[in-house]
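In the two complexes below, chain A is the common chain; its partner is chain B in one and chain C in the other.
What follows is the complex of A and B.
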């Protein structure tokens, strides 16, 4: 346990060594949210209008919630893993008595703590500036399920990143493309990070529900907004738990195979 | 692991019939080639190691030499658990490296001249702390090792400086510290002096020699730099095209492959070179210096003859440089000499 505490610490320090980088990354997030915010603000000209089952307060809360949920779920240092596999830096870890998955999970947690801290600050600031109507969830059960669902969501994202990061074992030059595919295409579009997924046609939603993506952003926010409660919410958590287990199994087997063909290049 | 008596040397590294193949995708030339290999990649199997066997006993320091791509680094990577062997048996300290048991990894270290484990943006002391946690070193042992390593490698003053601001030589020595903090029993060194200046090379060499003696550590060292090997290793394994071309004492290698010695003379008066041809082959002549190549057995006679019949100010007898000998080994790689 102590080793992972130390990993947490050094990872945190590293983050501070890249202050400018970090601030730029946060700025990007804030700007994105502001843009989406004004888009929806304009769409809901009057506060009584209801579109796709959202009133103005709920849609704007969704947008605000995105800051927090994205900071928690999508901030992941393990995005570097694909590069490590392709470049051979992976070797550094493999020859040490440390579990590679736990190593990166720890680094992710440290990154999440830092990002969450900033995200809360940012949303308070934006809230004071924009003064949007805001929906505050008071039901304890919903809040608890919200919390469980974002923890599961982070884990699913972590495992997904690791699965795709194993592609360079076989195709070393694919590292960057894979990262792009996962973080930009799949995650931003299919998870609900840009818009709530229930604005999509029903057929498309049904297909998406068979993938793990909605459970990363959209689903936790639905619970917070109280759109999913009781048994349905519980069922959703169960399904995302199953996804986590399935993907974890896939990750382990892919990595076992990948390490056998690993060529420890470049070093 | 069973305890062995002092008389019988403990076999620390056992490699039997080790083979390692790599699958490589071939890229065709040009744009159309790139596109066609994107859709129908041509796979080729490259044999990096072909059925090699050797053993190392505890405390041995063995030099591993061979040209680029001969399989030196591949062997070290297999032994240190990075690569999965295609076939063969390997055992290090009683473990199968591929199992990656913590108990095993805690006893070995792989140092590569081009690798960095130090965190670039932080002072090295932070990486050391991380290493301490990962290897679960007791504080006292850690401090003792750190103190010993930093003073031996002369880097005490550098540990608190951001790594990116250090020179290559300074960084390499700190990498050494980080790799040895856990006091490994088996050390795999891959090109440890690459890119270093002569002074730094010597420091690292002295250190390796000392570490080997002090800790009775088993060390396998690869290097392009023949000085590394000649100064450090008594035994050498010469590897070429994935196979072992020679395994034995360094001086046997010299005897076997250096059939001639070099006599270097400094003339006090200008003399006709042709006269030297009767005694031996003239390899270089640049007045006042001449270098003759003489068969091993007759060097003494030749030297006497030279001193008697020529105006000679100084004369030395030398072995061929190791590089030259090694090159000869590679030319005759079919003659397999395993001691």
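What follows is the complex of A and C.
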């Protein structure tokens, strides 16, 4: 446990070593949210309007919720694993007395803490500038389930990143390409990170519900907004947990097979 | 005397044409090399192409569902909103196709290889700006243009408005070029390229939708300070008949102005290049 605490500290300090990079990365997040905010603000030409089951306060809360939930769920250093596999740097880790998964999970947690801290600051600042109508969830059970759902979502994303990062074991040159396709494009659109998924036709939503993507961003925010409560919310958390277990199993299996064919390309 | 002047002008224009042909030939050679590199990684090409098409498809579908449900967006109907998005894509993808090399400039700087670029008998800006055309973007350009024509028809444009549209798209490319030059110059001074270019892209992404949806002062910033509105919103508005001739002229003035300022900035940066990495 002690060594992972050290990894956490070092990883946290590393983020401050590249301050400009980090600030620009956060600035990019803010710009993306600004687009989504004004898009929805324009769509709700009158405050009484209801679109896709959302009033203006709830949809703008969804947009602000995106800043926090994305910082918690999608901030991950483990996106670098694919590069380590493709470039052969993985060999350095394999000979160290450190569990590789726990190493990256620790680094992810440090990244999440830092990003969350900044995301809260950005949200407050944007809130003061834009002064949107805002929905505050006061139900303790909903807040608790929201927290559990984003913890599960973070784990699902971590495992998905590792599965994606395993592909370079077989196709080293595809490291960044696979990431772009799955963890950038697919996650951005299918998790609800750009728009709430109930904008889509029902048939498409039903198909998406059979994938882990909606449980990363859309589902936690639905719980916060009180659109999912009671048994349905519990059921969603259960399904989320099932996805985490299934993907964990897939990740272990793929990783073991990958290590058998690993040739330390580039070393 | 007058005959001599005409003769001199002819010589100058011939020299300019030769120079243009020389650079065009270099561009073709550099693009061919860049394409060959990408074609040697076919799996990567397929993955990126699929990603780009999915992203485009998802966003178009989202816009369609949203504006259909909301009836309009800042007064624009579904076809008009999608046309704004398509026009943004035309300028964005053409710029990425031509200026992909900008994304690789940092490695030239930090490795010191930029020194080698400076010693060659060609304009260094030309090399770092247009030295690696992107084949993935090239593949997406024809279907994108076909989609623009398809959706543009629904807006019933006149010949004049279509001409304005084409001229303003060219002007949009001019402004985009200026931004890319500024990013390169900024890179020489600070060694920071990757995030600067992505922030530029995020800013231009605000033009995926008509800038009428933004409120002041952001709308003013996007119109005058960082002319994203002139770059991507104005051409689409021109096709809808919402732009006058003086506005087209003014836009070209701004386009040429941004190029002038960015070239000044590039020359300034080049004078401060320290070649520290070599």
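In this text, the second predicted complex is superposed on the first by the 267 of 267 C-alpha atoms of A that agree within 3 Å, B and C clash if a C-alpha of one lies under 4 Å from a C-alpha of the other, contacts with A are read in each partner's own complex, and residues count from 1 in each chain.
Rule of thumb we're sticking to: contacts are C-beta pairs under 8 Å (C-beta built on N, C-alpha and C of every residue); 3 or more make two chains touch, one makes a residue touch a chain.
This is a predicted model, so every value here is computed, not measured.
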Partners on chain A (chain B, chain C) - clash or fit: fit
Which superposed partner A:246 touches (first chain B, second chain C, both, neither): neither
Partner, of chain C and chain B, that touches more residues belonging to chain A: C
Which of chain B and chain C A:194 touches, first, second, both or neither: second
Which superposed partner A:20 touches (first chain B, second chain C, both, neither): second
First, second, both or neither for A:141, with chain B first and chain C second: neither
Contacts of A:232 with chain B and chain C, given as first, second, both or neither: neither
Touched partner set for A:184, first chain B, second chain C, both or neither: second
Which superposed partner A:94 touches (first chain B, second chain C, both, neither): first
Where chain B and chain C come nearest after superposition, their Cα distance in Å: 5
Chain C - residues contacting chain A, complex: 41, 43-44, 47-48, 50-51, 54-55, 58-59, 61-62, 65-67, 69-70, 72-74, 192, 194-196, 198-199, 202-203, 205-206, 208-209, 212-215, 218
Interface residues, chain A side, partner chain C - complex: 20-21, 24-25, 27-28, 31-32, 34-35, 38-39, 41-45, 49, 51-52, 171, 173-174, 176-178, 180-181, 184-186, 188-189, 194-195, 199-201
In the complex with chain A, residue positions of chain B that touch it: 22-23, 77, 80-84, 100, 102, 105-106, 108-110, 112, 114-115, 117, 119, 121-122, 126-127, 129-130, 132-136
Chain B-facing residues of chain A, complex: 2-3, 5-7, 10, 13-14, 17-18, 91-92, 94-98, 259-264, 266-267
